[in-house]
Structure formats: C-alpha cells, structure tokens
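You will see chain A twice below: alongside chain B first, and alongside chain C after that.
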Partner chain A sequence: MKWQGLVLPVGAAMLAEGCARAFGIQSDSLASPSQILGAAWGLLRDGALFAMLGQTLLAAFGGLLIGGGAGVVMALVLGLSPTISKLLRLPIEGLRPIPSIAILPVFLMVFGFGYRLEIASVSFACFWPSLIIGQAAISGIEPRLLEVSRVLGLGPWGRVTKIVIPAALPRLFVAFRLAAAVALIVAVTVEIALNPQGMGYELMSAQSSLRPEVMFAILLYIGITGWSVNAALLLAQRRLFGRAGGMHVGMHGGVAGEPP
Partner chain B sequence: MIRLREVGWRVASLGVGLGMIGLWQFIVWKKFISPVFLPGPIETWRALVEGFRTGMLGARTLATVQRMLYGWVLASLLGVGLGAAIGSSRRAREYLAPTLELLRPLPASAIVPVGIAFFGLSNSMVIGVVAFGSLWPTLLATIHGFAAVESRLIEVARMLKLSRDAILFQIAFPSALPDILAAMRLGLITALILSVIGEMLAFQGGLGSQILEASRAYRSPELFAGVLVLGMIGLVSNLLLSAFEVCLLRWRDPH
Partner chain C sequence: MHPVTAAQAAPPTTVESALLSFRDVSLTLSGRRILEDISLELRPREFVCVVGSSGCGKTTLLRLMAGLVLPTSGEVRYRNQIVRQPASDIALIFQDYSKALLPWRTAAGNVALALEAIGSPKAERAARISELLQKVGLAQHAAHYPSQLSGGMQQRLQIARCLAQDPTVLLMDEPFGALDAMTRQVLQDELLRITASGNTGVLFVTHDLEEALYLGDRVLALRPNPGRVAEIFDVHLPRPRDQLVTREAGEFLRLRRALFDFIQETGH
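Moving on to the complex of A and B:
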C-alpha cells in the first residue's frame, strides 16, 4: 500500500481526535478515536472479545460447513446429470431469490434463540453461492477429462472422486472462500437482528446502553475479523492452487448468491 | 424442434416444482412435522389471499418496497456519481481506494446500530441504512469500471481531441456499464435485506416487522405468506433488472 492510502484514515482519525479534545464533546453516539482504542484494548484484556468472537465464528463455520457442503454436493449432482439439472431448474430459480433474512423468523419459530437458529440461517445463505459457483466450476472441467473417464470405464463414484473433484478443486475452493465471507456476514446479521449472542449482539447492546466507544470498537473488530478470514483464505488459495483458482467471480460474494 | 424440446423441459421442471409442493402438502397432512411450525401450501395460500384482501399485506409490502427502492435509488445515484469521480482520477484512487477496500468486508448490517445511534428508531434511519449499505457494491464496481477502461480507447479519444467530459460519458461510462449494472443488482438485494432488518429492529411496519410478529405469535401461515412475498419481491426485481441489463447492453452483442 502506498503512503497516499494512509492519508485519509489517519487524517480523519487525527481530525476527530483533535475536535473531541478541543471541544470536549460528550456524546451518546460519537466517541473519539482514543476512547475507541481504549475500549478495544479493554475488550481484549478482559477476554470479552474472545467470548463473542468464538460464538460468532463457531456459528459461521458450522453453517458454512453444512450449507456450503450441501451446495457442493448438489452442484456435483446437477453437474453430472443434465436431466436432474434441467428438471430442478425452475424450483431452484424460484427458491434462490428468497433473502436469507426472510427465512430467519421461520428458523426462530422452529429452533428458538441460540446456535441452531444461527447455524441454520448461515447454512441457508451459504448453500446458494456454493451451489452456483460449484456448478460453474464443474461445467468448466475440460471435457476431454470426462471422455478419459468414460474410456477407462469408471463408474459414477470413480468419476466423481478421481476426475471431477480433483479437476474442479481450485474453483471449488474459490466457492468456499466466497461462501465464508457470506457466512460471517450472515452470522453477524442474525446476531444484530435477533440472536442474543456473539459480536453482532454485543454491538447492538453497546449501542442501546449508550456506550459508543464500545460500539465502534466492536465494529472495528468485526471488520478485522472479516478482513483476516478473507486474507487467510486468499493466501491458502494462492499457496494451494497457484493461478489455477483464478477465475472471474463477481464482486463481494453476494448474500443471495450472485452468479459469477 | 430444439425449441420444442426446450419448452418440454420447462414443463417437466414446472411439474417437478408442483410435485414438491404436493410433497409439502403430503408432509403436512401426515403431520411428519408439527403443523405449528409448518403450515401447508393451502393454508399459506389462504393467508396470502386473506392478507391481500384485507389490504394489510398489500400495505406492508408497499412500505417495504418503498424503503428498498428509495434507499437503492439514492445509493445507485451516489455510488455511480462518486465512483465515476474517484475512478476517473488516478490521484483520487490512490488516496481513497485503500480506505474503501478496507471498509468493504464489513457486513452492511453492522451499520444498523450506528444508524440507530444517530437517527433513533425512525423511518429515516431505515432508509439511511439501506442507502448506505447498498452504496458499497455500486461505488466499488463503478470505481473499478472507470479505472479499467481499455487504455487504447483513451488514446484514440485523445487523438480525436475529445473533451474530458466526452471521454467520461462516451468512452468510460459505456465501458464501465456492465460492472455498474451487475453491482446495482447486488445492491438491490442488499437493499431488500437491509429494509427487512431495519423494519425488524425499528418496528416501522412493513414485511420485516410482520414476519417477526407472526413468528413470535406462532401464526405460521401468516409468516410463510410474508416470506413468500419477500421471495417474490426478490425474484421480480432481479428479473426486471436482468431484462433492463440485457436491453442496455445489447450493443455489446456481436450479432
């Protein structure tokens, strides 16, 4: 990053700090950067950060595994059988646009508050992007590889495990990375809207107890969490697959699963 | 012949969809899942018709769609305007883009508490949050689109002595348009989601409050009717925007 990129954030923080010091603002909705950093340090020191971070990450990754896994399995089924794919086209096109947040009250009624509510919502949201990018990954497999599998007389199981999955793996990992971003976003969203646990809930309760410095500190941690999960997965993708995973995927994993 | 086969598959696919609804009704009749949680398709349909007949569901749908559209239009105008200004200037990109990229992974819903802190639980808070949240995809895609204009096109425009405005509107904007439209579609989904969350938290009427109330009172047919309407809003707005996109981008088609 060049130095120019630092001018705005550092300048804005210094300006805010200067204004807060100069005018001694006491506000229910704003806090000075030094207060925010103080609150962030406080959360780190008393372990509150790790408690809420753990709750959010557990729900996000639980949902990611269930929903993302189901999406990839479905993508394999649809990718290998054109008949099933054509038959399920309308039902899938009809279900996909339901915003995941609309399903939330249904899960609330069934599961009540807690992990199950959050994991179910995250699973629903992660299913669609991994299904759609997974389908794109499988349809992008070199057709000659599939011909080879036919010549070798592999059964459907052998074809999937020996040819399809290895060939599509780099792009399936891209699907996983985008679904992970969706998972974190949806987990925090569910906590903000309903579920009394995790970072989203602590964010809301900091707001309603009029502690803006804690609210902004948690916001900072949510940003850092999202950024580091994405950076770690991007690094893993480059290490594992090199340029093989490079494929143009739409921006910023759409919550409803935008096709690439 | 091929066309006929295509229609045949569509009909078969519709049949599968109807079969799934039939299976849903069967599960409800056999009471595999408690009817408290899972109303049948017939009950859901009745709640839907009843809701629109009394006008309650219609008014709530209108309120939600209005919030979504206000916020989205505001976000799209701001996003394209700011994005064009930032994307077409190298210096502005160097100063602003890293900050914007840093803010990108924040969940759009995370600004709801900030919105409440500033505006309270009001209608303008919901619209503000919707606009702010759905601004990001459009803004970032517009910056990217304007920055990624084929440099040879710019060179040609310079040779032709086109003015800066002409380069912006006749060369850069059309070339960024596909990126912008795709992002606006994503922005609309974000706007719908944020409207629903805003309504759930601020109790400003609309479908968000309705489905939450129905769920807390275990009125599941009403809840499912609300979810169905939200799905329809998502489906219809996506179809409209896709059609609009095809229309606007027809010039790119080589045929």
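Moving on to the complex of A and C:
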C-alpha cells in the first residue's frame, strides 16, 4: 500500500524535470529536480550537510530539553500547589501570547549571536506547549489514584514520583513530541532571521548567492529532518506506552505531521 | 436478637474497646446535608456492614472513617485519637478496582506500593509480597499487569494491597458490587477466611442486603436525606458461615425479612 503515497510526489518531480528539460529553464529562483538532487548529493559528500544539521539539531534539542523540561516541571508545581498556581496565573497569561520571534531582539541583546541565543529562543517557544499539555496531563490523572496514595500514606515526594509522574507520562510524552516539532521550526526560523549558523542560515545564504538548487536541497533536508524526528518520537511513544499513548496520536498527530 | 433503634443502640460515650467511633458526626458539602448526627462504633475483630438505599451517604461514611473527608461537626475517633488525615493502618478498598490499581505496575508492584508507603525494609518486601498474593490466590499472577487480570482477580489484588498495610481497620466500599454472582460468593468466603484469622475490624458497605447479613456481626441500616443511622441489626449466626447452611438458617431468613421490610419503608 505504501508505494501509492509516492505516486504524486514522484510524478510531480518527473513532470518538473520533463518541463525543465523541454523548455531549458534558466532561472535564479527555480532549479530542476536533477539539479537539486545533485546539490543535495554535493552537500552530503563534502560534509556541509552534517555541519549545519548538527548546529540546528544541537540548538533545537538543547532548547527542547531546557524549555520542555521547565514546562513539565512548572506543570507539576502548578498541578500540585493551588497557591502557586493562583500567584502565577497572571504572569503566565501575560507572557504566553508573546510570539517567540518577538522576543528575539531581547535575547540577542542578552546573549549575542550563537548557540545561546538560539537555545534561549527555542526554550521560550517550547516552554508553553509543554506547560499547557503538561497541565492537562496532570489534571487528567485518575483522582482515585491520588486517593489511593493518600490512604496508603505516601508522602508528597512519593506521590509525585510513584503516582503523578508515571500516571501522566504517556501524555507528557505527547507534550514532548509536539514541543520537538516547535523546537525545529523555531531553531530554523531564528537562523533565517538572524543567527549565522545551521540550516536556516545556509538556506538564506544559498538564496542570496542565487543558487536555487542548493536552497531547494537544504529545504529538502529540513523536511527530511522534521519528518525523521517526528517518526522517531512516534515510534518511541508506541514502544514505550503502547495503546495508552497511541490514543493521543490521532488527536495531535496532524500538528507535527504523520509518517505514512 | 431484636432490632434495636438508633437512639438505644448508639451510646455516644467512648467505650474503651472501640477501635473506631463516630460521635454526633454531621457532614455538609457545598450547602447540602449529607450525613446527620451519626453515632456508631467499630470494635476490634468486629465485622459491621452498612446498608441503605443509594444516596444515603454510605460511601461518605467510609470516606470520613478513612480520613479523606473531615466532618462538619462531631468527632471521628480512631484509637481514641481524633481522625484528621488517613492513617497507615486503616485500609480502604474501593469498588472501582480497575481505577484504584496502578496500570503501569505488575500485581507484585501494586502490592509493593503499600509496603513502600509504610517504609518496610526492602529486603523483606519480596517475601511479604508473595505471602500476600498467596493469601488472595494470585501467586501465579505476580508478574501480570492489572489489565491482564479478570475483575475478580483485580479486586483480590486490591485486597492484597490493603492487607499489606497490616490494617487494624479494613474499610470496604461495595467491593464485590461489580462482580458476577459466582465470583462474589467466592470472594465473600475468602474475605471471611482472611479476616477470621486476623485482628482486623471490618466496615463493609454494600447495597446487597443478603451479603450484609451473610458477612456481618452487625448490620447498620441508614436512612437517606440526610443520611442517619436508622437501625442496627445484630446478626447472631454461627461462624464459620456457609453459603448454603447460613443462608437457609431460620435466623438468616428472619433478619432478611426484617431488613427488606425496613428498606422498603425508607426507600420511598
């Protein structure tokens, strides 16, 4: 069945290749599929791909771990302490609507160019989905289990580590997966906008040096990267949580893109 | 032998031997009176059943005893201390066993949770877990997850977890209500066998009147809106009890009639 999904993309690529050859396109903004594949092979062979991929992934995952982790911890704190939850409601509602791109100038001033700028921006962006879904995960815990922990006499630490976290884990992983998609988007965006490293920056320099085949090749690699990260996390989710985690895949999968 | 009225049966003084006692306990939740002026007591090794039409506060009564809810007025005392929070040797068995078990832990792991909570030494846990699983007939299923067990087995597992607390008081909230009739009878007898050998007082909430008479030393009947103790039936049936002999005894049938009549009156 899987080959059917390839019919349209391969057909379109062949059509584009055919047109490019038939009409002999010479363009600063378009390239034929064969030129793009050639450029992609070039990037792979001379190692340029791995350099930029490494930079982008390092920033994306660094930010994902910091921001996503902080979001989950914050969700736990808010879920367990009504007092802190009340105190932080206003600050959270005020900060959350700020687009992560709008905070770039501030981070640039604080961190300068480089990994710290990019990781801080990705962290900021990943914090929110992780916090919101984390809160939903914690409020979705079976109340009976919390009563069981009280009747058994588990202390607060035991309650968090033995009941709350394991019970919320499948949904927390969904939060992590969605935040991972956000992380990649924001990392590339920051590179395109101002940070001189990674795939986003190489994409922009290919564009400004009028090399559309390299630009499209990098775009292709960005797509493959996003797809692979999501597919790997989906696989991990199914392995770790089986059907319990899989229930949420259908609900949110569209956001990050499903593998075929 | 004769049913005693609530006023006579509830001397609100703290009898020396009472494990758990209620004195004029009332509970109001969000403006609604749930329970009113409840006085009762549970003595060591006593098996008391609570019956009443639905909505008469049976479950709330158990939650008060477990320390999950605190009374609006009156006193709940355990070993003469006022109950302010759950105590580790009062165990509570929920009706919805599938929600009360940790689905990510095996049968052994679920029993271990109670041992971890009371801080029993790690070295002794394995032996204690297999002893408890043996006791409820789940020795072969130690490595199975709750989802791999039948309803009856899941409820046995919850009982094993509560026994791990080494409880002095066992509170049971319609524990067999969701099970089929055959499984229910088997578990009734197992519960009687387990509690006969120990020192545990049991408070057992049920909507099944015959079950209450079959298991209990006393049956407490509640009247609804708001929940009050209406009557206490003393069950003088010999132990060990037997599903056929006990249920055919004249005394059983007489009490059954009295209890049914009573519920008929208060149910409307």
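Here is the rule we use: the second predicted complex is superposed on the first by the 239 of 260 C-alpha atoms of A that agree within 3 Å, B and C clash if a C-alpha of one lies under 4 Å from a C-alpha of the other, contacts with A are read in each partner's own complex, and residues count from 1 in each chain.
Heads up, the rule we're going with is that a contact is a pair of C-beta atoms (placed from the backbone, for glycine too) under 8 Å apart; a residue touches a chain by one contact, two chains touch by 3 or more.
Nothing here was measured: the structure is a model prediction, and the numbers come from that model.
Superposition of the two complexes onto chain A shows chain B and chain C fitting side by side, with no clash. When the two complexes are overlaid on their common chain A, residue A:R144 makes contact with chain C while staying clear of chain B. Legend: residue contacts after superposition of the two complexes on their common chain; A:L8 is shown touching chain B, with no touch to chain C. When the two structures are aligned on the shared chain, A:K162 is found in touch with chain C, with no touch to chain B.
Contact with neither chain B nor chain C is seen for A:A22 once the two complexes are overlaid on the shared chain. Touch counts on chain A: comparing chain C and chain B, the chain ahead is B. In the superposition on chain A, A:L154 makes contact with chain C only, while chain B stays out of contact range.
Superposed on chain A, the gap between chain B and chain C at their nearest CA atoms measures out to 10 angstrom in whole units. Every residue of chain A that touches chain C in the complex is listed here, in rising order: 142, 144-145, 147-154, 158, 162-163, 166-167, 169, 244.
Only residues 1-2, 4-9, 28-29, 86-91, 93-95, 97-103, 105-106, 108-110, 181, 184-185, 188-189, 192-194, 200, 203-204, 206-208, 212, 215, 219, 222-223, 226-227, 230, 250-252, 254-256, 258 of chain A touch chain B when the two sit together in their complex.
The part of chain C that touches chain A in the complex is made up of residues 66, 68, 85-88, 90-92, 94, 96, 99-100, 102-104, 113-114, 116-118, 161, 165.
Every residue of chain B that touches chain A in the complex is listed here, in rising order: 9-10, 12-14, 16-17, 20, 36-37, 91, 94-99, 102-110, 112-114, 116-118, 136-137, 140-141, 144, 182-183, 185-186, 189-190, 192-193, 196-197, 200-201, 207, 211-212, 214-216, 218, 220, 223-224, 226-227, 230-231, 234-235, 238.
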